[in-house]
Amino acid sequence: MSDIDLDQRPANNRSAVLKSRLTSWDSIILVLTVLVLIIASFTVDNFGTSRNFTFMVLDLLPIILIALPMTMIIVTGEIDLSVASTLGLTSSMMGWLWNQGLSIESIIPLCIVIGAICGVVNGFLITGLGLPSLAVTIGTLALYRGLAFVVLGDGAVADFPWNYTGWVTGTIGDGAVPNVLILIVVLALIFGIVQHATPFGRSLYAIGANAQAAHFSGIRVARTKFWLYVASGAVAGLVGVLWTLRYSSARADNGAGLELAVVAAVLLGGVSIFGGKGSLPGVLGGVVLLTALQNALRLEDVSGQALNIVTGSLLVLSVLLPNVTSAVRGNWHRRKLRQASATSAQ
Amino acid sequence: MAEANARPRLEVHDVTKSFGAVAAVQGVSFPLYPGEAHALVGENGAGKSTIVKMLAGVHRPDTGTLRVDGADVDFAGPADAKAAGIAVIYQEPTLFPDLSVAENIAIGNQPLTRLRQIDRKEMTANAERLFRRLGVPLDPSRPARGLSIADQQLVEIAKALSAEARVLIMDEPTAALSAVEVERLFAVVRSLRDEGAAIMFISHRFEEITALCERVTIMRDGKHVATELVADLSVDDMIRRMVGRDLSALFPKQDVEPGEVVLEVDGLSREGVFKDISFSVRAGEIVALAGLVGAGRSEVMQAVFGVDPYDSGTVKVHGRRLKGGSPRAAMAAGMALVPEDRRQQGLVMELSIERNVTLPRARKLARLGLLFGGTEREAAETWTRKLQTKLGRLTDAVGTLSGGNQQKVVLAKWLATGPKLLIVDEPTRGIDVGTKAEVHRLMSSLAADGLAVVMVSSELPEVLGMADRILVLREGRIAAQLTRAEATEESVMYAAMGQEVSV
Amino acid sequence: GTTKDSASNTSGGGQSAAAADPNAAVKEGLKIAFLPKQLNNPYSDVETGGGKVAVEELKGEYKLVGPNDASASSQVSYINTLIQQQQDVIVVAANDPNAVCPSLNQARAAKIKVITFDSDASKDCRDAFINQATTEGIGQSLAKMALEQAGGEGEIAVLSATPNATNQNSWIEVMKEELKKPEYSKLKLVKVAYGNDDDQKSFQEAQGLLQSYPNLKAIVAPTTVGIAAAARYISSSSYKGKVAVTGLGLPNQMREYVKDDTVKKFALWNPADIGYLAAFAGANMASGKITGAQGEKFTAGKLGEYTIGADGEIVLGPPTEFTKENIDQFNF
Amino acid sequence: MTATSLEAPPSKRFSLGGLLKTRELGIVLALTLLVAYTAIDNSRFLSGQSIRDNLLNTAILAVMATGQAIVVITRNIDLSVGSVLGISAFAVATLMSNNQDLPMIVALLAGLAIGAVAGLVNGVLVRYGKVPALVVTLGTLYIYRGITYSWAGGSQVNADELPRHFLTFANDSILGVPWLVLIALVVIAAGSVMMRNYRIGRELYAIGSSPPAAELAGIKVARNLLTAFVLSGALAGLAGVLYAARFGTVDAAAGNGMELNVVAAVVVGGVAVFGGSGSVWGAALGALLLTVIGSALAVLDINQFWQQAIVGALIILAICADRLVAVRIARSLRKRDAHV
């Protein structure tokens, strides 16, 4: 029975709706993000500069892009741990194809297709054969990374054309707005609209919360999940391209370990790992919060190890705090009721 | 029967419980005496299950007290209630799908060997004993996963019996059972009662209450209305006090001239589940599928709707053959299925009421492929109101509704799609009398407007009252087709059991 | 479209070489930041430790930053941070010669001097490179030790770091060339295995080598993690005394195995000196005494005078060989 | 429902039990095939030294997999085990290098204790903080590792600083069985018996099978979950000690990334990630299989670059095989219920 702990049903009026919306985790995280940005700009030297802004955008680029489809996947109650390896494989393939003499204009779409194929394999294993996604993507995590090494071995390919590598690291008209920010905004808008304002997006939540009921409602559960994995693979492929261009280096080990960072960011954004809950704005806030905080702390010479502790604590606190406050509020409410009935009895 | 002045085994004293702004229970008091069966009745959402959960230690009363043998108790959790000798059968089965049926029954007090290891032999023997007592042909070593709702309910009952409790609380244990199982259950409960246990029984079927219980507590809108001896009240009295008004005829079946054939099922088979099922349904007709629990009625209709696959046979809607295994194709052809298990199949508990109602129709409600809250809210508003659903806000999670109101949301969800063929599986399971009449009237008038209806039901009065034709399934095959005129309780039961019975 | 052949790789950045002023004084208060491949690696700790000593002698501000993992891209964020903090010198051991390039060039555009040590970045994105020894020198020394340890003939195998470690790969290349010479004709290199500079993986790779090649005479590990793991495995297995281990290692890590005779000889330069030299080169450059052009000379404290070679390379000196006799004189 | 069908025929139950066991049988089969193939290629793969090496390598993973299996069975996960191993290994190595005379048992107990505390923190956050286990342990994965890094910095405990008896513990054996393997076997056996035959074990299965039902059944969910996490932590701590003894050199990165191996072992071993089913000894077999795959690939002289890809492919194959067996069990169940 899922309603055991539903004691805190919000009050039935307009201000309560507003209150519950304001205290929902994604609004808290958005407020927190803005707060961190403002405080850091005033207190941390060099944080508020336009160059640092560019650096930050470049740092969060891979996480934020991969988080877009990952959010949907986690909302349906599944997970994709193979994204970083898909990224590595496309990066390798990009280097290999470049060495073969293909033009960069044809390599980029090809790489996205390769990423999508990785997603097709995941999707088939998970929805076609009905295997658990955590297990499957741990397997393909190893498989794709391994294939990346098979393709490019220990080498690195570095001589990508300057106009492409420069575009990824550059800014619009050499101003303060990085080129890739447009890409982030466009993709985030597309994914946001699909997730929150289309029948497809609605069905994701139903699938995550109760796949059987979704099936009974005419939602094609397997097919929906399948396409999510394809999207996840394609985006990972795109990020593989961007990653390669940003560092002008195609290597088999590119992006290793990124999957945990992405999952952490998505969870920090208030998406439930059990599916059925979460919003994209929250996730975007989560990613920005994490990156901004790390950037600021690094500028303050906080060591990498301490950053680990900060990241971990943030992750745990992000879910812990709302729970604790609501529990405290519930207790207080009950005590008030009891007191009221005690005084009225006298 | 217990003496009126005997000390109550368990007492609910002036308890109140609210969920946010919803006052589910307000100042209710009643006693449970040893050796007596006590009924708790009320409309959907009256607060019956909430009281059960307080007695079970799931919820803590906001105010008021519970007393066991005269002493105040404060249950911190279900374990405490269990320790106080209270066994509970919840409204929704709560089994462990991965554990064997025997383990499910024994969990918490498994028999132990001398090394404090679990004595599996003894455990299985226990389960077998209980099943024999209940007359259930279940294999104790099979996992609970895949049991039908009815079988799950039976395991729940066995579980409660095995606890050898001094207080047995049953929240609609019979909702999924057919007459035979109910009778067996009552026999067991009566013997428990005679051994001195206090019984609390919740049901929306009044014939069950008069058959089993000595005392009844009536609730309305969370408030206590009356606690009286059943013998002193007529069924109509009970209903009047519970609903607060008089009710009209229970089964207002309108006679309709059937139209063209809407659904044609021909030779449908699925290995191990059902075989060679053929029937057809015309517009305006209500066809009932009767049979014992486990006869495969739900499976047949799920295969017709496409949520389950089938091996051979055809399904035609309006003469056009329907692609198998695709609920979406079925919906496009104008079919709707109200499933039997609302928690697993009917609703997404975490989602809001409006989202649930519009789930199958999201695509139709979208403008330019986009959905904005307004249209969804309107559609949900219309249908939940039509079905008199008791709810707070449409944006509340559907899981916060009472069982019967959840059932209404499922109905609303499918009626909102405007189907030509409506399949309803146990449509009134857990629905109170008032609403049940409402649902029946609704089905009847929809049929009058040309809707073809297939109704799977374990409630014989409902089947007899509503159906134009009755198909009786036995062990996955059609055992008999009866017209409204031919059908009597005896003839249906005879076909269902394949032998002479006296019900 | 743009293909490999048509692409023009005029990557931006860089800075016009100003003329050197050999008479300028080395400035005080320079901000010199060290960015090793990865923090908490004992070897790079010794290197940066040397750097710290040098920066103190130079009365500068020493800073040590770095990622927890040795991946190509994780260094970039740190370089960016150092740019934001306006350091005067960045001393970096590149995890990938190209991945750090755009950032290093941004640093140089911001008037920061970039010195690489330990493992080089692309030539056109740093000002000077401190080479621990010439690639040839190390490759040859590895081949020589292998010949000695294997007793002049038989099968040998290499246990390297990651498959794409620049240093290791170039040394192994030289070693392979060397093995083609007649005096090595009886040595047979049967396999290059990779332990990814991960202790456990290296350990298991050593096991795998011995199972696949029962006649192995020696394992050559040109990485401190690999040699320690291989030595540890051999010392605790039945192969002790039959299979020799040699390569590049840290005396402190290897002392145990040298003393129990698992390892007879291995080599290394003094890593602390690398950091020391890098700090001095950076300070001299930031003070305008040198620009990184071939032939320029500068003094590096206790190490004496150095001359800049071709492509801005500064070579520390020949590696030291460690044996049971001399190992106790070293503590790093 | 006829009276004749009331007695469940015992023969059927027996065959079902037999079928259920095939879940682990699948892994055993895969293992046998792999070993046979490798041994045909290189007979030294079956030599005493090689078997010993494989068992020693499995031991640490298997100890951790035992704890992980228990947690996963409760429908939770413990991703912090790699970091717990790291913190315990470093702490114990430091302890032993500072106190050369401490007996081995103290080291083992210290490791267990450190791990248990780490596990307790996880458990408390999961249970009382109501934070999903994946989130908690992903967080503590970072936190515990960060603590180890901050404490150890770049320092390393080397073999020559550790007491001799501590180092030889890894290789010493009684009756030909190395201590390390013996400890692993004891842990696996104890874990299996606990999960199969004791109330606590069955309650853990119940919790994983349906958490809300477990609450309602009056199972002491909090106590049981804490026990599971403490066990997983303690075993990871124990693994840390074994790691320090076996590898001799310990730095702050010990056990980095190990969590994925452990989870892979558990999953390959047939423990369902959604809880409620699987067994401890299946997980141990999974650990053995993964280790043997690793060493077989090295022995078969497979190109280094292909190795990781093959490991990935084999993991997927193992999951597919497990699924196949599960589907067949389900089908036979349905057949048995059929009355058509």
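The chains carry the letters A, B, C and D, assigned in the order they are written, with residues numbered from 1 in each.
Assume a residue touches a chain if its C-beta (ideal position, glycine included) is under 8 Å from a C-beta of that chain, and two chains touch if they have at least 3 such contacts.
Quick caveat: nothing in here was measured; it's all calculated off a predicted structure.
**Q** If you apply the touch rule, which chains end up adjacent to both subunit B and subunit C?
**A** Where subunit B and subunit C share a partner, that partner set is A, D.
**Q** By the contact definition above, name the pair with the higher C-beta contact count: A-B or A-D.
**A** More C-beta contacts join the chains of A-D.
**Q** If you average the CA atoms of subunit A and of subunit B, how far apart do the two points sit, in angstrom?
**A** 41
**Q** If you average the CA atoms of subunit A and of subunit D, how far apart do the two points sit, in angstrom?
**A** For subunit A versus subunit D, the centre distance works out to 29 Å.
**Q** Between subunit A and subunit C, what distance separates the C-alpha centroids? Give it in angstrom.
**A** Subunit A and subunit C have C-alpha centres separated by 37 Å.
**Q** How many Å are there between the centre of subunit B and the centre of subunit D, using C-alpha atoms for each centre?
**A** Their C-alpha centroids are separated by 43 Å.
**Q** Got the subunit C residues that touch at least 2 other chains?
**A** If we look for residues of subunit C contacting two or more partner chains, we find 39-40, 68, 163.
**Q** Quick check: what residues of subunit B touch more than one other chain, meaning two or more?
**A** 58, 90, 94
**Q** Considering subunit D alone, which of its residues make contact with at least two other chains?
**A** 149, 212-213, 215-216, 252, 272, 304-305
**Q** Which chains are in touch, pair by pair?
**A** A-B, A-C, A-D, B-D, C-D
**Q** Would you pull the subunit B residues touching subunit D in the complex into a rising list?
**A** Against subunit D, the touching part of subunit B is residues 56-58, 77-83, 88, 90, 94-99, 103, 107-108, 110, 112, 116-118, 128, 131-132, 135, 137-143, 146, 180, 271-275, 292, 294, 296, 475-477, 497.
**Q** Can you list the subunit C residues touching subunit D in their complex?
**A** On the subunit C side, the touching residues are 39-42, 44-45, 68, 163, 191-194, 199-200, 203-205, 207-209, 211-212, 214, 228-229, 232, 236-238, 252-253, 255-257, 259.
**Q** Enumerate the contact residues on subunit B facing subunit A in the complex.
**A** Residues of subunit B touching subunit A: 16, 18-22, 58-60, 62-63, 90, 92, 94, 307, 327-328, 330-331, 337, 339, 344-351, 355, 359-360, 362-363, 365-366, 369-372, 392-393, 395-397, 399-400, 413.
**Q** Going by the contact rule at the top, pick out the subunit A residues touching subunit D in the complex.
**A** Listed in rising order, the residues are 1-2, 4-5, 125, 129-132, 134-136, 138-147, 149-150, 153-154, 257, 260, 263-264, 267, 272-274, 303-309, 311-316, 318-320, 323-324, 327.
**Q** Help me check something: in the complex, which residues belonging to subunit A touch subunit C?
**A** Result: residues 45-47, 49, 51-52, 55, 59, 98-99, 101-106, 149, 153-156, 158-166, 169, 243, 246-249, 251-257, 295, 298-299, 301, 303-305, 308 of subunit A touch subunit C.
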